[in-house]
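Two complexes, one shared chain (chain A), two partners (chain B, chain C).
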Partner chain A sequence: MRHTLDIYRRLILVQIRSQLQYRVSFLLDTLATGFQVFISFITLALILQRFDGIGGWTLSEVAFLYGMVEVAFGTMDMLFSGFDPANFGRQVRQGAFDQLLLRPISATLQVFGSQFIIRRVGRIAQGLAVLTFAIVSLNLNWTPAKLVYLPIVIASLVCFFGGLFMIGATITFWTVDSIEVINIFTYGGSEMMSYPMHIYPDWVRRFFTYILPAIFLNYAPALYFLGKPDPLGLPPFAAFLAPVAGIATLLAALAFWQYGMRHYQSTGT
Partner chain B sequence: MRLFFELFKRAFQRALTYRAASIAGLMTNFFFGLLRAAVIMALYGSRTDVSGISIQDAITFTGITQAILSFLNIFGSYDVMNSVSSGEIATDLLKPYSYFAFWMARDFGNAINQLLLRGLPLILTYAVFFHITLPNTLAQWLALAVALMLAWAVSFSWRFLVNLSAFWSPEARGIGRLAFGLTMFLSGFMMPLRFFPDWFVALCNLTPFPSIINTVIEVYLGVLGGPELIRALLSQAFWLVLLFVICQLVMRAGVRKLVIQGG
Partner chain C sequence: MSIISVTDLHKHFKVNKHRSGLAGAVRGLFSTESTLVRAVDGISFSVEPGELVGYLGPNGAGKSTTLKMLTGLLVPTSGQLLSNGHVPWRERKTYVARIGAVFGQRTTLWWDLPVIESLELLQYVYKVPRERFRHNLAEFRELLELGPFLNTPVRSLSLGQRMRADICAALLHEPDLLFLDEPTIGLDVVAKERIRQFIRHINRERGVTVLLTTHDLSDVEKLCERVMIIDHGRLLYDGQLAALRDRFGGKRELVVDFAEDEGAAADLSVDGATIIERDGPRVVYSFGRETISASGLISLLSARYRIRDLSVREPDIEDTIRRIYEERLLEKPSN
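This part shows the complex of A and B:
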């Protein structure tokens, strides 16, 4: 285990050093990464002056959902960038993945350590800014339980999104190229989870409840934190299923990934 | 002109080759459209009209923007940048035609392909799921065609200009990401500009970005009266000419400065 961690640390350090080589470009990149996501929130804030709210939720309440998702997705996108389907698909196509299989350490570990995109801190930072805005303006009734549960929900979201990236990466073993459809679950999933779930058509919500347990990772916990009534009639314990849903998704993804590796056939390039 | 046509044909054929990818892209665009339509409906609630835009128009807006986003390359393109950093530009510059026209022809081929093979099916899919607004006179359809072409040309010139930053900076991608983020924000891609506060719209109108999306949307929805419509199209043309001139100037300065790394 210590050996594994040591190798992971070394792989990541190489990444960090190389990305910090061009400082100006790194700063610009970081700024840009935060900016792109930030504008969708600013847009909502600007247009809400002409509307009363969104599906009965105020800007601050949506900011809570949005901030949680952004912090978690940004963190995941940094830790799991090696599994980013677009990036990993290229590795498979060009045969770079074959090289990893030849080395005497776990290929999973190597993929983990193959990318660590630091500019994602831009996204995490703007997510934190939005989340802080939400928490400050909402006057949530903080209890010790809520204080403990908040970081747990964020960690569960990281696991959940990480699992989606791993599933996407695994699919590229068969499709060779990254297919854009995966974006529906990764980027589409995170976009969807930034708004209250009751605004979506039933079939979309059912998919993101029963097939992918997204609803338990953001919407249900948010109802608990914000003290809002549940229009969907989920059982009361649904708010506390976040860790179960997050870890289950990640474990299922890992199993699928292992299965994919066993059946991997190189492209020969 | 013949050359333009040939380059255009090549780009079109290349895109046709990847049909599976096109279908996957279509599904993705449609799904994002669904999410955006759900947000619009939740915003409208029980209202039927906001700032002169009916709910049906607003839902149509999400369909149109999803349909033309790849036609206009809203998320940006980095081709010229890549060819500068790979050194490919050295051979391209030797070729006996304008560098700007060379990329423009390629971009046009891709754009038309995206419009026909992605935009059109997407709108048709939308029409199955939602009640969408359609332009109802021939004049409106013609105005739409003109607005679309101008929008593409403005978008291309802007992207080309951003890409030229690669002449000065070895890692221009960050600049690109910021610039293309700005395009999404100020063009009316996220939401119709009419929903925004007036001061914000005034700010947007000082930039070429509304010419890329918002004009097309307003022409399509038919919310512009005769003189307003002419003014909107002229404003697109103005930004196109301005960006074209700036591109030429920057290009000239850039080529003088360009150092090709060997290899």
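This part shows the complex of A and C:
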């Protein structure tokens, strides 16, 4: 285990060093990814201003949810970028994944260590800015429990999004090419999760409850933090299911990933 | 005790049929018609420790599939495979710790890192003791002439440099077995020769068992005593390269320049050889190994005529192999 972590640390260091080699492009990329988030939030803010909130939520309240999801997705995108389906599909196609299987350490660990996109800190930083703006302007009633639970919810969201990336990567063992459908779930999913769930039609909400347990990771905890009544009638403990939903998704994804690797070894490409 | 033993190994792939056009693509979503491809179709062989074996075959013959099974990347459809005391795909991590593998077209090194840093990273991955690592690196650095580009990022290396760096990377952890897939593909003559010399060196001096696939016959001629020939997933030949030449070499030719005054005389024919060319005093005889030896033919001729000069032409090994592929000379009656 110590050996494994040591190798992971070294693989990440390699990534960081090679990305910092091109200092100018690194800085521009970081600013660009951050700016993207900022622009889309400004757009959202302008629309909300015009319509006086969304589904009964004020701009600040939406910003809270939005910031939480952005911070989590940015963090996940940094840690799990080895599993980014588009990127991983290419690795499989070019046989680079075979090279990982030829080394006497866990292939999963090596995929984690194969990409670490530090310019995502731009996205995380902008997400944090939005979240801070929301917290400051909302004057929330912070209890110690809420203070402890917020980072837990964000960590759970990271696990959840990471699980989606992993499932997407696993599918490329069969399709070889990454298919757009996967991006609908990862990028599209995170986009939809940035808004309060009660604005969506029933079938969408059902999908994000029963197929993907997303509602327990964004909407239910947000209601708890914001102290808002629940228009959907979720059970009161739903707000505290975030760690369960996050970890369960990641474990299910890991199991599917292991299954995919066995399939890969029996078919090749 | 063999280091590799393979018994009746099969690997079959289902290949989905692709239909053309949009309608075809849509239909393909719902029903998949597939054909079975027998990439490896029942091969058996064993390799003794310290051997250097050439695995020869045209593209698509099943070479790479065999190699992928030997390195644990692929699970066979059926058959037994024991290599270095392990079933490769079942005990992947313990197995690959004791083997080295280079797949010619791909690199195991980190693209953006200088070569030396990739090698150091592999030192940790394989847990090579510092002293052994230094010792091996010093030796390989000299033999493979890595010095000039050790600090160059892998992405800026030439193909030959990259191959040398990759071969070095595959051996730093002192594996018992080395698998090389097309190690000289796309290289110039000098680079090929350097790599061949190195492979010979680690085989002889370090006793590493080497199995290399190639479709370049000169690799095999210069390196391997033993050759296995595969085509259509079946082993066509497994044995000494010299014996292959003897058995399937086809006819040899003897070129004789007779003394001028013999030129017009008699018919010059000899039992067991046929004249295939006659140009003034120069006559070319063709003869099979089974009917007459070269020395027999020469002594017959020199007893009867005055000879000024002569030479024997061996059939090209490349032609020999081509004949084997084309005529399926070695194919046993269906079994």
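Quick note on the criterion: the second predicted complex is superposed on the first by the 264 of 269 C-alpha atoms of A that agree within 3 Å, B and C clash if a C-alpha of one lies under 4 Å from a C-alpha of the other, contacts with A are read in each partner's own complex, and residues count from 1 in each chain.
Everything that follows uses one rule, which is that contacts are C-beta pairs under 8 Å (C-beta built on N, C-alpha and C of every residue); 3 or more make two chains touch, one makes a residue touch a chain.
A quick note: this is a predicted structure, and the numbers were derived from the prediction, not measured.
Participant: Sticking to the clash and touch definitions up top, decide whether chain B and chain C on chain A clash or fit.
Facilitator: These partners fit in the superposed model.
Participant: Just chain B (first), just chain C (second), both, or neither: which does A:D98 touch?
Facilitator: second
Participant: Mind working out whether A:Q265 is in touch with chain B, chain C, both or neither, as first, second, both or neither?
Facilitator: second
Participant: Touch test for A:G55: chain B only (first), chain C only (second), both, or neither?
Facilitator: Only chain B is touched by A:G55; chain C is not.
Participant: Contacts for A:L20 in the overlay, against chain B (first) and chain C (second): which applies, first, second, both or neither?
Facilitator: In the superposition, A:L20 touches no partner, neither chain B nor chain C.
Participant: Report for A:V136: first if it touches chain B alone, second if chain C alone, otherwise both or neither.
Facilitator: neither
Participant: So in the superposed three-chain picture, is A:R10 touching just chain B, just chain C, both, or none of them (first/second/both/neither)?
Facilitator: second
Participant: With both complexes overlaid on chain A, does A:A252 touch chain B (first), chain C (second), both or neither?
Facilitator: neither
Participant: Which one hits more chain A residues, chain B or chain C?
Facilitator: Answer, by number of touched residues of chain A: B.
Participant: Quick check on the superposed pair: does A:V244 touch chain B, chain C, both, or neither? Answer first, second, both or neither.
Facilitator: After superposition on chain A, A:V244 lies in contact with neither partner.
Participant: Working from the superposed arrangement, determine the closest approach of chain B to chain C, counting only CA atoms, in whole Å.
Facilitator: Nearest C-alpha pair, chain B versus chain C: 6 Å apart.
Participant: Which chain A residues are contacted by chain C in one complex and by chain B in the other?
Facilitator: No residue sits in both footprints.
Participant: Which residues of chain A touch chain C once you look at their complex with the stated criterion?
Facilitator: Going through chain A, the ones touching chain C are 3, 6-7, 10-11, 14, 17-18, 21, 94-96, 98-99, 101-106, 265-268.
Participant: Which residues of chain C touch chain A once you look at their complex with the stated criterion?
Facilitator: Listed in rising order, the residues are 13-14, 65, 68, 71-75, 89, 92-94, 96-97, 101, 103, 105-108, 110, 112-113, 117, 121-122, 124-127.
Participant: If you look only at chain A, which of its residues touch chain B in the complex?
Facilitator: Residues 22, 24-29, 31-33, 35-36, 39-40, 42-43, 46-52, 54-55, 177, 179-181, 183-184, 188, 191-192, 195-196, 199-201, 204 of chain A touch chain B in their complex.
Participant: Going by the contact rule set out above, which residues of chain B touch chain A in the complex?
Facilitator: Those in contact with chain A are residues 20-21, 24-25, 27-28, 31-32, 34-35, 38-39, 41-45, 47, 50-51, 169-171, 173-178, 180-181, 184-185, 190-191, 195-197, 200.
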